[in-house]
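Letters A, B, C and D mark the chains in the order given here, with residues in each chain numbered from 1 onward.
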């Protein structure tokens, strides 16, 4: 995995499906995509259902509860939407990076540090300025902190060719510890014995949508991921990043400044992860406690692959995942299955996807 | 090796009284876009050096790939000792006693020379490093090379690496030895020693497949010669006939087979200009003392000027610095020294985009590797070097209509056969990808173009079309540098011909009647 | 008001013989006694519990017990939003009539007694405290334990170590740190942790003290007697049932949120577990001390911050 | 304060560092073997966790420590199997499958634990030690390093064996070639897929034993999520070690030593947040990368799928 090689990580399959098919085969292509996407989901549901049967639980009841809580009940679906906000932002960041051939696995560190800084800053700013300005400033700072936390891996990658998988993983380990140090030693709320930052009052958080409990973070997330999708697929800048990602040598041949684009990719990707941290704090949590680390990025990575780096498909998968995590918790409680079961479902889903994709490749190879 | 005289041994090679060790029974191998081997029949007899000749992309290495287990034929069969066999893997090939020196290094750079030689033993055994080193020294002495057995391969030059591979193949004691351009990096003396060794091996009944671009070597070492052209076998010269012909006639015969009946064909098609008009305009592209640092082939002291409407051919065996030179000229590589002026303006400090904006285009020979992004549609590949430019992008946003219109226009004008402009370009055949590249590089305000091996791997029709484009470009007043390993092509198109060897321009020849012989000499290193 | 069901939310499974199990068992008992349905949501982790809080409120819970200090920001917010009274821990200042009450349960009085017991029973003159993190209620118990030990034997050494940040499930870390304390001379370990406390227990079971005798373990919150292998000396057992019962009563009476709740020796909601390893005479002395604490003759203060703990245990080595 | 740093206490610190470092060592060693062969094995956390679970279950039900370690190896290899099939044979993305395997194993082992042990929390007795005559009599390091369960010596031995295999066996050459230039290995007649599969299974076995060690020796019990990111630290250790097993050993001991140092400082009454000390090894590794990080440090073909004859 030396240099700027991107196909080197073996993402060939994902890359190949990015290009739109010819007009003639568009419908067949679309049908194939639907089968390719729904196939693994159904397969995963069946396999997970078998596991539930082994555990002595009625799979239909379990899935019923998942759907009821995650999708149908008003508060449940609102929770699903709220959960989507930061996940969408992380997904957006990953799409930028992955399409540009950069394997940014440091999203969790970028997310967490941004969250801590935002949680420390926003309550301090709140009494000084109007709410909208506080929110705007905090979002901006969050994005900047996230981006800053990727600077070292970015420079090492762009100018030294150091593999970004190691460096971003390391920065996450460091970031998690560093976030704790910040909370415990520097940003601690002096009015409570609990090691946590000050709390941003509910009234000062991101506005909720209409009369619901849905945080407007989901709007930021949707705007971001659609914007990313549009930028990556419809603009010159996005095309440049994709050229670097798909064939770095072609990028050099076409006269693109590959190191600069690499650094920009990191900044954007990590900035979006940082924005996710800010949105989670400003929209939901209001503060950060020591040792808090939801590790969203690690679970979003496979989702983004599942979506083949497509923004809209990512929205769908993030939605599916949110339904699963909100509804799964409720379903687990009602059916008496431990909550851990959701992890197994996600894993089975990913493996099923991989197998489906392989079969599809073989089918296409045989069809030639 | 100044005299391409067949050696006595070659002349009196053992007759193929025994049957062939290996027979390729009309094998066909296709790659996306090319038929690399088209129903090729090939017999390899013990005690013979069987030379494979053919221009770049003729399918020689593909044939070797099938013999050595790297590729399996799409059609046709392989017979070993007259029995149907399948060479399903390199391990199987080695088992069958087929040892290969591949064209592209098959050494692990991070391992030492002995460790590379040891690769392949049973898992838990210790590599016998001292034993290997000793045997290696003996074999190396045989062919007159010296190799430090404990040097890391990555620290060796490409030439030394090739020596290592030859020694490794010899040490395996194979009954079939395949050398794919094994002499490309050897000194003339080294090559001669290798030839002597081959003679000794064949005397022991070993069969050798020997691939080279140097005809003198082929005649000196070979017993039997097979010529490939565009994936097809176009001729075989059996030992008796080779002997009967003598060197001069054999050379003529081979050249005729390899390149077709160059002049006659070109004349018949009315493509080639009988005499190029002399170009009197002042040079448009001036290159002075250009030098490039490179691990493999450093380039230095290249001085060249091209007038508008002039085609300067750059001939030479592949890998003699042409690539480095072209990339430096286009702005993809840093110059170590020298100046480049385009229409009087110094451009050597500009990047690729800057040079292109001033009218310098580069048609790369590496179509899929760097020329295109295979998974992207044809339409975007046609604009790969203009991303963000008006009118295709406005405020950074893609404008589908102008992009589509531009693509439709070029696809039509250059006759790119594609299902549609949104088809991923990687799915097109080699010739059509090349047409798209030409379309991209020749459109717009181009003033000077570098063509790198523009017809490499193409079929006859595409070659003709491409050459026509190059001529038209010059006729439009563009300054053209034509880099090609195909002598016929250079002779057909160029006004003047420079020959490149080991990173230097070793000669510049006007394209007159004497050019063919002169350039051929320079290229083969005969008259260098 | 009329109260038909309550809900309790815990971060981990209700089978830990500790914090989570105590909360769930107590809520069930209190509910049963008051004829109120109890809904349990366990294993929620430390992430975002707002969706579950809303779901509980929607499902008709008239009181939501948010049984983790990590929930004490979310619960009051959602309580206000959904108009449901909530109970939280570690935020006494958040009390709000009709809405929020705190039950920063600290067994510090019990921990003080445990410290006295440990000092009496220690043969090496050194006792140890192992914690998997430093949440306020553990800090209060750690410092009370140290004070108790010191009060019993001024020259005693109290060793203190945190396994690591967020080391709640780090059983190997629990064992490693406990072994370090045993090697540092401790023959009685006061251990506070979740999954990690089983590692501490295993360390105590498989190591001898520097004096050559057995090492004993003093647990907190729950009663691990069912899984004891002979090293469980005692436990500062909490009983949250009276707390929850009082909450239910207050909600029904409309007085919820006017005061916080507590557990203490006096009403038996905190007690020291008697095991067969405690000699009867020592136990009699403990009973007397307990009476002194209840009567106020001995004053035990709760220090919820980590710094106080550090100061107390730092001050001690120099005393010897 | 002098009384605190007794031989016994120092011994326990050294021992603690060793015990905490050993699973990291095994994981790092395993990861190094995969990476050497060109496989980026992100599923190693799952392999450790399954090893911890199965190792504990077998040791607990059979009462045999050794069968436990065997169970751990089998557990790790069971998680390696899908990786081999999906990534090495079929060529699926190694990062995605690695994450999926880790998530799945976390969920599965937690579920199994829930149904089997959540009421009883069985604990193992102390693992018997094997004192090395002479050396174990040494003060402090004697009991800490030379009176350990035999598996500890084996793990350290594994470092030497790995180094030996890397340097002096055909297998070592094949692994290196598979990671650096698989085409050359293939051309030399060695099946790249087999070599890589072997590497991943070995990784599974080593990581599994590492997990089993954590459960049997480190904790004496299995609890869900108990590996707590150790596999990811293993990845970092392997990458900073640049193909040399002794650097994995050094790195693992550094991590262990940092943990022991935290404990020592706390017991001595110096209060530094554990977080600060835990940042140190990562910061050190990162510094190394900044100072010496060059392209050459990782196998050229790391993370790529090898297809014969493709170019």
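The definition used in the following text is that contacts are C-beta pairs under 8 Å (C-beta built on N, C-alpha and C of every residue); 3 or more make two chains touch, one makes a residue touch a chain.
Small disclaimer: the values here were computed from a predicted structure and weren't measured.
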Comparison of C-D and B-D (more C-beta pairs in contact): C-D
Subunit A and subunit B: spacing of chain centres that average the CA atoms, whole Å: 46
Whole-Å separation of chain centres (CA-atom averages), subunit A against subunit C: 37
Numbers and ranges of subunit B residues touching at least 2 other chains: none
Residue list for subunit A, restricted to those that touch at least two other chains: 177, 180, 338, 340
Contacts with 2+ other chains: residues of subunit D: 114, 224, 273, 275, 278, 300
Pairs of chains satisfying the touch condition: A-B, A-C, A-D, B-D, C-D
Contacting residues of subunit C [partner subunit A, same complex]: 13, 40-41, 43-48, 50-52, 54-55, 58, 69-70, 72-74, 77, 80-81, 90-91, 93, 133-136, 139, 165-166, 304-306
Subunit D residues touching subunit C - in the complex, by the definition given at the top: 1, 3-4, 6, 8-9, 11-13, 15-16, 19-20, 23, 114, 118-121, 123-126, 214-215, 218-226, 228, 259-260, 262-264, 266-271, 273-275, 278
Residues of subunit D touching subunit A in the complex: 40, 82, 86, 90-97, 99-101, 103-108, 110-111, 114-115, 224, 229, 232-233, 235-236, 239-240, 273, 275-276, 278-279, 282-283, 285-286, 289-290, 293-305
Complex interface listing, subunit C residues touching subunit D: 13, 15, 17, 157, 159-165, 167, 169-177, 179-185, 195-196, 198-199, 201-203, 205-207, 210, 227, 229, 306-307, 310, 313-314, 316-318, 320
Interface residues, subunit A side, partner subunit C - complex: 69, 73, 75-76, 79, 82-83, 177, 180, 191-196, 199, 202, 213, 284-287, 289-294, 326, 329-330, 332-333, 338-340
